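Think of it as A, B, C and D in the order they're written, each chain with its own count starting at 1.
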């Protein structure tokens, strides 16, 4: 964990009535910055917040947006729940998978992309939806996703 | 302990000085950690960053051997701010003026020079203790194993009396006894100056009473020799025979080479033990004893609770219970003890021991009872002095002056070595090192060295080094850790391969006869 | 405390307030199976097998967490309750590898008890077991997570009783499992091996490594005694089979430890059976130790002591007693030195 | 309709404080701060406002359970963790009218005496969290939040707390655990949050739409609120209509509006003019309604009477081509994935249900599998630690029972 993140986490810890409330924000911060949470990160956070390591692991392994394994620079999450799949969301994941040549849970060799199917993203009114890192894309179709992936490959990304 | 283990969990303020509780009394430490988790303030004064500090509200890392200075300074601040319990002091104590005079020499600024704790931190500690409704104080050998051990204990007692923290629940002066029955051995009068119940041998009435009960004409009135003096006596030739029951003195006494020399002078060394330990090598006769699981009887724990010990298995080979061996010897020396069961012995004990008169095997069948328990209807005593009635009338403040340890670091021996135990082993290792698994968890002695010192000496974690004192040298693996502050090292006496007591100083407290295991000067040498 | 009366399965019961329905039922001989509840870790509400029905309350209620109230009418064995309990046992049987044949937990396993009482031989649900490698990294404890029923008792023991804070629940849904620190093997974690978790485990998921295959629970005698290590004086049971201590457990109903022990108390017992134990008196003859009979050893020692006493006086003899042995033994030692030798030269290591 | 929650819908840049004030924003807060706190509570009780998060518990009553003592620390938490499939109503308020929520929270906090509040928003709503943070900053800068609110000595500050991917954190005690820095697993109740909430302190947890209704009640009085809806079910509801409809979206209508009307008039009817097969009326956990059951009023009580629940008001419309076993598969997958794992029936039960339904859907199941699913649902109901197990079982059981023929046609 670099000093900059560490300082941010210490700052976070002081924001809440109790230090340990900063656990989730701290884990999310590391996830966002580094794309995954390492064992060292877990131990460091436990140390900063003076809480047991097991409790930090318990939280880190509970929430789906946190990853203990390295994921791609662009983590493409496709909603596969009822509404999205009724509106053909599942073909999206097959398409992306084919386009990138990876299966769910895998990372492209260049480390750029990973794919995951996720439960509801709260976009049922604009289904189907995908989430790339923290950016929501709604009313998706194959054409749109093609364009997005291409622009990501070229490094032109707004998210 | 003046108070009980059961009170710990609900104590509002727990002050621990000189006790590495999680490692030496793990189950008591559990209560302390539970208390801390539910909101009690856990205050620790210890030269090392012991594991318990993880749960502590505050940790004051004072220098080894500076306890009296620190506590006197705390009392200085307490009196200055009038946080002391005037009513308690007036009603139940004497000697306050003397105390006030003594501690007046310990303003925090001066004490900072001695103990290394900034004056403001000392003030804070005084405030926490002084303003608390009740404080329970716990200590272990970190307080007693100094040449000023007795004064250290008195100073702890002074603090608690000053705050009126005696004779109430959740208070008290609570030494945590290190061995399963060290309390009992003391209570039983295995001390040079007292019979059971601390009845003085110098008292003719007491002697008369015991002589009658034991059917002997008279009993010796002269106070006997304490352990440290025994070894000196052997070296001088005054002492010719030593009957050693269950002690591995070569490992456990300080300054090992001195101990060996003394034992070599004896005409007769009787070693009665369960193992052929390091000391047995010097014996003339070795008598195999039964261990705790092979005998009936009682142990007395640190909170004065007398509990049953029961026979679960037969002793190996011809090993026998201690009482049987001793009474057989007595018989051959012309004195018939006539015991066939331990319960008979206990019945005799309770007749001669007023504070245990009410305790019978039957009564402690399910759960032990805490003495004093003067009669069969008495439920036992959770905390002492509940009516502020002290054995000596009024409780007396016994102020003490700080003085440095017998051996302090110098240019030749620049480090302070302090000793203690680890969770993973016990005492001289005779039991834990013969139980499977323990050597897997903690296979060899480690000396704790601070990273700064290690850096200066170019020692890496895991390197073997030589530790040298004026009395000997041992080769030991290093553990580079911030548990100790710069200038301080820590070792144990669990491993005969690298025993801290080769190095320790046999200077001892003149009153208690306790050696200064907690401080000696050493030098660290890199292995070539 | 206020007296209350309630009705369980048609039986009128008088008791006092602030008790759980489970405890009231048990005190009155009414069997309710439990898996996650333990008197020391208290209510948990996780396994849901202790469900009961209460008149006027919707759904089923877990009796371990339900306070008994005056006038309550409780049923503990309706069809719905039994059906739910059976489902729970079957869910466990299909999600874990609960094979009793050589399980160390057999005989003390609470899942086995529940299955027995409900008459369940095997689950009718599909087999969902995962093959989790057994964690043998700890020198004292074997962790077989295939037998874990996620009752949280070990976690409560580790965090709330022993406060070592090593265990917690990792992951979620059916992947949920107990983890040590950051999901390390137990032997590589910060576990201090107090064994609180083992003692609280209702199944064979956590067992004592050294006790494996040494004897079934029903084959052992349990002798209550006091721990031989530090001064806390923990009460414990020695489990004995064929004159051998094969296991130690904390005594849960007595002061001062109420079931807790540390690594030494719980696992440091086998020195008793060490082959290095002294088995015979030894006399030094020409610098070598030789086995002798008790008669010879005692005669020699007594003679020698008398001789020294005669030649150099009783003060030339000293005795060191033992802070490790019983009060009775110490008393006899003290008496021997004073009454037989005639000296007060007796001491022990009260100071180390 | 847009009477209470979306009354300012369509105003550009409503999320800015200036616009919000220009349209009458924070008037209710001004009014509230001039009233004794207990009067606000009475007003809310009087209005009959019930929680919009799914359970429908009367909001004012919940507040009344809190200890009155001002010196006791209390917390107010806005539950913005909408994560149930079919549910996307709260984001409508937070995204476009964040100050409405802030105003509602500040009034509520004043009423119950809370000094600190959190908006617990699901992690996936990153951009909405940013909108809220910006709005909060603005509100604080202008004295509508933080210290000395509107010049009074009342203090209340709000933090946005982001979840990290867990449906169960919408359960109020799981949410509290999550803020306390733990895995979000529901607590055993009692004690309830009103006595033992965040950090063990009395706490009120309330849904976004509930809190956002408060300014209206304070401004216009309980009677005005009661002009919408029907007895025991007053006010309006945000209905999120999705699935096979022509105009999916979030619509505000009074409680008790006909489901048929919502589908066919409001949402423009079934996509592609197809026939209707079924409707899930309140988020995925609401038991499914067959096409012939949709002549029903959308309110708490009517839906319970019809064997379903109003839940979150998220209406999933399924056209005639939809395979119900497929929907059941998705639902089972969701519940098995989102089970916190804490209690046995939910953890193992949902996992086995998912396995069995997958097996049936793959054509490899048997009639026994259908029976086993029903047996599991029957036993899970009422025996789990929190309500999730109940709703999961109820939802799947209804699909299997009402469309049993479809399941049976798939088995060997």
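Methods note: a contact is a pair of C-beta atoms (placed from the backbone, for glycine too) under 8 Å apart; a residue touches a chain by one contact, two chains touch by 3 or more.
Please read these numbers as outputs of a predicted model, since none were measured by experiment.
Q: Both chain A and chain D are touched by which chains?
A: C
Q: Indicate the whole-number Å distance between the mean C-alpha point of chain A and the mean C-alpha point of chain C.
A: 44
Q: Report, in whole Å, the distance between the mean C-alpha point of chain B and the mean C-alpha point of chain D.
A: Each chain's C-alpha centroid was found; their separation is 62 Å.
Q: In whole angstrom, how far does the Cα centroid of chain B sit from the Cα centroid of chain C?
A: 28
Q: Where the CA atoms of chain C average out and where those of chain D average out, how many Å apart are those spots?
A: So the centre of chain C lies 46 Å away from the centre of chain D.
Q: Provide the list of chain D residues touching at least two other chains, using ranges where the numbers run on.
A: 166, 183, 185, 337-338, 340
Q: Where does chain B touch two or more other chains at once, residue-wise?
A: Expected reply: no residues.
Q: Give the residues of chain A that touch two or more other chains, as numbers and ranges in rising order.
A: Only 55, 58, 61-62 qualify.
Q: Can you tell me, using the touch rule above, whether these chains form a line, ring, star, complete graph or other shape?
A: Basically it's none of the tidy shapes, so other.
Q: Which residues of chain A touch chain C once you look at their complex with the stated criterion?
A: 39, 42-43, 52-58, 61-62
Q: Enumerate the contact residues on chain A facing chain D in the complex.
A: Those residues of chain A that touch chain D are 15-18, 20-25, 27-28, 31, 49, 51, 55, 58-59, 61-66, 80-83, 85-87, 118-127, 131, 134-136.
Q: Give the list of chain C residues in touch with chain A in this complex.
A: By the definition above, chain C touches chain A via 159, 165-172, 179-183, 190.
Q: Per the contact definition, I'd like the list of chain C residues that touch chain B in the complex.
A: 139-140, 160-163, 192-194, 209-210, 221, 223-235, 238, 240, 243-245, 253-257, 260-265, 267-274, 276-284, 289, 294, 297-306, 308, 312, 314-340, 342-352
Q: Please output the residues of chain D touching chain C within their complex, sorted ascending.
A: Against chain C, chain D makes touches at 166, 183, 185, 188, 336-345, 347-352, 355-356, 359, 372, 375-376, 378-385, 390.
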